[in-house]
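Shared between the two complexes below is subunit A, which has subunit B as its partner in the first and subunit C in the second.
Then we have the complex of A and B:
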C-alpha cells in the first residue's frame, strides 16, 4: 500500500548507522527506511538502543559513521525549514519549570510559522491541563502530556516520540493514541514511536521495526508478522522424535507426545504431514505481539547456541 | 453496528473486523443495502489505525460482503449470494477445525462426532 520510499520523499532514512559508547556497540550498521504516512512502532527491550537510534536519527547525537536523513536532508545539519516539519517528544521531558502551561504554549508557538491554536486548545482541554498551572509543579505524566501537545501544535509532517506512553495512565494513554491516529488519518504525515508497551503498538501502528543487537531485525507490516508467525500445539499418539522439524520452525519445544513449534510461514501441507505421520492433532495458535517479541528474541538465543 | 477489538488477542485487528462484520451480515443483524460506518468513524471509535479498517473493508469488498458505492461508502450486499455462502462457510471453518482436533485427541470416530452434532444442528433449525 505504501509507495517504496525514495531518499527524497522518505521522512526518515537511516543508512549503515554505527554508534558505540566506549566499547559497547549500540547501533551496528543499522538500516531503516520509513515510508510517508505510516505509523511505525519501534520495539526493543530495555537497553536495545531505541533512544540512541532516535537521537542519531534526529541529529541530536552524532553517529560514529553512517547517515541519517530527514526528508532527504542530513539530520546533523538540518535546516530550519525541515526542522519546522519535525515534532519530537524525548523520553525525559524537560520544561521550563517556572513557566505556566499557557506561557509555555505561547513560547513554543512563537518558534513556528504555522501553529494550530485550536488543536492545542482542544487537547489541553481534553487532557485536563490548566493554563495557570506551573510546569514545575506537574506530575511526570502530566508533563509528558504537555510535551506531546507542544510537539503536535505545529502539525509536524514527522512526529517522533520516545516512550511517549511510559508514564501515562490508561485514560491518558488512550487519549494519546487517539491523537496519534488523528495525525495518521490523513495518511500524509508520519509517526514513529518507541515503546515496550506492545498493546499500544498493536492498536495504532501499521508497521513494526524491531531493534535487537543494534540492528533492525524485522521491518514490515505488523499484520503480516501476525499472519505469518504461529504457534503449533502438536499432540501425537506416541512419543515425538526429538528432532521433529517443520519448514519455517523458529523455535521448538518437544516433550514426549507433545510439541510446541513456533513456525514462520507454515503451510497446511506441512501441518497435515505431521498429523498423518505421527497420528497427531495440530492446533494453531495466533500470537500476540508480546508473544512474538519473546519468540523473536528466543530465535537469536537458539541460533547463537548452534553457531 | 457493534464492533470491538482485542489488540492483544493475536488475531490481527483487520481480521477481527472482517470476521465480526461478516458474522453480522451473515446472521442478518446487518441488512442488505445498509451502509457501513466510514473508515474514519470506525478508526476513531475503536482507537485503531485507519489503514487497518480500510484493509478490512477492502477484504469485505473482495469477498462480496459489501460493495463500494462511490462517494457514499460501503454498502452491504444481500446475503445468500454465492460469495456470501462461501463467506459463511469460511466463518465456521476455524471452529470446526477445533472440533476435529479435539475429536482426534479423544479418539472419537467421525461417525460418532457427526451423530453428536446432527441433533444440535436440528435444534438450531427450530429456533
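Then we have the complex of A and C:
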C-alpha cells in the first residue's frame, strides 16, 4: 500500500503555492501532498492552472509564495541526483527535428546514470518507432510517444506528464496507459499526470486531484470520491418544493414530482427523510468520473452565483 | 470575395502580432525616418571638407547623419551601421515571415480553414514585397531622393559652393533637370539595394523552410553574410558582373542589376533555371507537398544530400556524462545544436567560397580581403543566433536533465561560447587562407592583424549579447540581438580596418563580459518556462 506522505518522503509536495500572471491569480494558496507509489490524475478544465502547477512543482517557474518540494528538496534548487529520479513530458513537445530517434535516445540516455535500454527498445518496438526515423518527420502524436519513452528510459521515481495522451490515438493511449500501469505496479514509483480524458484517468489513477480556479478542491482516492458523490433520482407522490433541502446537495434539478439531485456524502438517514416527508422513492445511481467532474464544476458555478 | 478579403486580413494580423517581426520592421522604418529628421541640424560645409570623397559620391545621405550623432571626426565610417541595420532588419524579418508561413501551411487546422490557402500564401508574399520596398527601395531610393534631391536646394542656399564641394559639379546641380537625373540615379541604386535585400531575404528565408536539412541554412549564412558585408554595398555591382547589359532584362532574377557589362549569357540561363526550380521547390514545400520534385540529376543529388545529411548528424555518446567534467557536459549539450564537424565543414565551405570569389568576380583583391573580414565578423553571430533561436523553446525541458540549475546555465552558456569560438576560428582561418592565396603581401601588414584582433574581441561582445538574448523569455530578444550584432560586429571590424585603436575592441569585449556575467546571474534566478 502507499506510504502516507511526509515532507521528507513525499515525491511531490506543494505548500501554500501562489502564482499570478499580472493581475490574474492562477494558483491560490494551493496545497498538495502526493504519496509514494500513487498514480495521481490532475483534473481541471482549461485555464484551471494545471500546467502552471506542474511548472512550479518542477522548479521551472518560481511561485510568488509558498514552496514546492520534490523528494523533500526545494524544486527551485534541485540537485542532479534528484533530477535523475525525475521524468517529465511537457504539454507541447519540442524535440530536435533534425535528429534521428536513435540519436535522441542516445543523447538523452547519456545524461542519466542508469538507463534501461531494453525497456526503451521494447517501447520503441511496441509503439512502432524506428530508430532511423527523423524526429522532424514524425506526427505530433508520434512525437508525444517518443517524449514519453524518453521520459521513462531512466525509470524515474517520479514521472510527471502534462496532458500526455492528448495527441495519441486510441491504440497508443491504451499502450501508454499500459506503460503507466507497469510503472505504477512498482510500488516505489509515482506518476502524476494532468488530463482532460477522464476515462484514461479512471483506468489508471488511484488518486485524483481536482483543480479549480487555482485551488485543489478534491484530493483523495478516486474510489472514495465515487463512493461519496451519487446521483439521487427522487420520484414523489406530489410536487416537490423548488428549494428541496438535502444535506450535501451539489446540484439539484426539480420538475414537479421528479427531482435529480447530486449529493456529496449523502446518508441513509437523509434518503429516508425524503422518502418519508414527500412519500417518495429514491433511486441511487453511481456517477462516472466525467459526470463527477461536471457536477463538481457545477457546484462551483452555483456557489459563485450565490456569492 | 469579401470572405477571402477577411481571411487575408486575419492571416496578415497573425504576422503583425509577432513581436519579433514588429520590432524588425520598426528598425527598418525608423532608420530612414531618423535620417530625414536629422538633415536640417548640421554644418554641411564643415563636414564635407572634413570627410573623404567617397562619402560625397557614394553615401551622401548617410554621411549627413554623422554630424547629428556628433561623431563625424571620431567615427568616420559609422554610416555602415545604418546599412547593416536595414539589411539585418530585413533578414530577421524575412526569416520570421517565412517561418510563420511555413508553420501555417503545415498546420492542419489552418489548412482546413475555408479560403485559407490563397491568403496563407499571399500574406507572406505581401510582407516580403513590403520588406523589399522598405529595406531596399525606401532606404536606398526613397530616403536618398528625399534627402539629397529634395532638400539640396535648401542646403544650397545655406552653402553656396555645396555642389562643388560635394560632387565637384557646377551650378547645374540645382536645376530641375539635375534633380530628376539624380533621382533616377538614386532610384536605380535603390533597386540594386532592394535586390540585395531580396537575395539575402530569400537565402535566409529558405533556411527556415528547409530546417529538416538545417545544414543548407548554415551553408547559406556565410554567403548571405558576405552579401551583407560586401564593401561595395550594392550587390548588383558584383552579381551583374557576369551578365551583359542587354541581356540582363531578360532574366527575371537579375532584372534589377543595371550596372556592369560582360558577355556570359549561359550564366543567366543557368541561374534562371536553378532559380525557377528553387522557387518551384519552395512553393511545393510551402504548399505542404513533401514529395520531391522530378528534376534532372535527382538521383546523384539525393545521394549527395543523404551523405551530407548523415555527416551532419550527431555522434553516438559514450556512456553517461553524469560524472564528466563541465566541458564534456557542455560538449554533449552542443550536439543537438550544432555538431563540431558541422562548424568545420561550414568553415571549409566558407573558405572555398571566399577564396574563389575574387577569381569569379575579377575584382580588387584588397577590397575582397576587407569583405572576407566583414563576413568573418558577421557570420558566426548570425549562425549562432539562428541555431539557438530554434533551440530556445526546448531549454526548459532540457533544464530537467540531471544537473543543478547553476550547472545547466553554466553548461548551456559554455555550449554557446564554444559554438561561437569554433565558428569564429573557422571563418578567421577562411580569411587567412584566402589572404594567402590572393594577397599574401597583406600577411605582413599590421592592418590585417589588428582587424583580426578586433574581430576576436568583438566576439566577446557577441557572446554577452547572445547570452542575454537566450536567457530572456522575450520573443523579440533574439531577432533584435541578431540585427544589433550584425551592425556592431561589422562596425567594429570596419573601424579597426580603417585604423581605429584597439581600445574600441577592448571596450566592446569588456561590455561583453559584463553582459555575460549579468546574463549568468539573471538566468540562474529566472523562470525557465
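Keep in mind that, in the parts below, the second predicted complex is superposed on the first by the 305 of 307 C-alpha atoms of A that agree within 3 Å, B and C clash if a C-alpha of one lies under 4 Å from a C-alpha of the other, contacts with A are read in each partner's own complex, and residues count from 1 in each chain.
In this text, a contact is a pair of C-beta atoms (placed from the backbone, for glycine too) under 8 Å apart; a residue touches a chain by one contact, two chains touch by 3 or more.
Computed from a predicted model, the values in this text were never measured in an experiment.
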Clash or fit, subunit B versus subunit C on superposed subunit A = fit
Touching partner for A:118 - first (subunit B), second (subunit C), both, neither = neither
Answer with first, second, both or neither: which of subunit B and subunit C does A:242 touch in the superposed model?
-> neither
Where does A:98 make contact in the superposed view: on subunit B (first), on subunit C (second), on both, or on neither?
-> second
If you stack the two complexes on chain A, which partner ends up touching A:109: first (subunit B), second (subunit C), both, or neither?
-> second
Subunit B, subunit C and vertex subunit A (Cα centres) - angle in steps of 10° | 150
Report the closest approach of subunit B and subunit C over their C-alpha atoms in the superposed model, as a whole number of Å.
-> 27
Subunit C-contacting residues of subunit A that also contact subunit B = none
Name, in rising order, each residue of subunit C that touches subunit A in their complex.
-> 211-212, 214, 312-314, 316-317, 319-323, 332, 335-336, 391, 393-394, 396-397, 399-405, 407, 527-529
In the complex, the residues of subunit A that touch subunit C are 55, 58-62, 76-81, 83-84, 86, 88, 90, 93-100, 103, 106-113, 115, 134, 136-137
Spell out the residues on subunit A that touch subunit B in their complex, using ranges where they run on.
-> 1, 39, 174, 177-178, 181-182, 184-185, 187, 198-199, 202-206, 222-223, 226-227, 235, 279, 281-283, 285-291
Residues of subunit B touching subunit A in the complex | 5, 7-15, 40, 43-44, 47-52, 55, 98, 100-102, 104-105
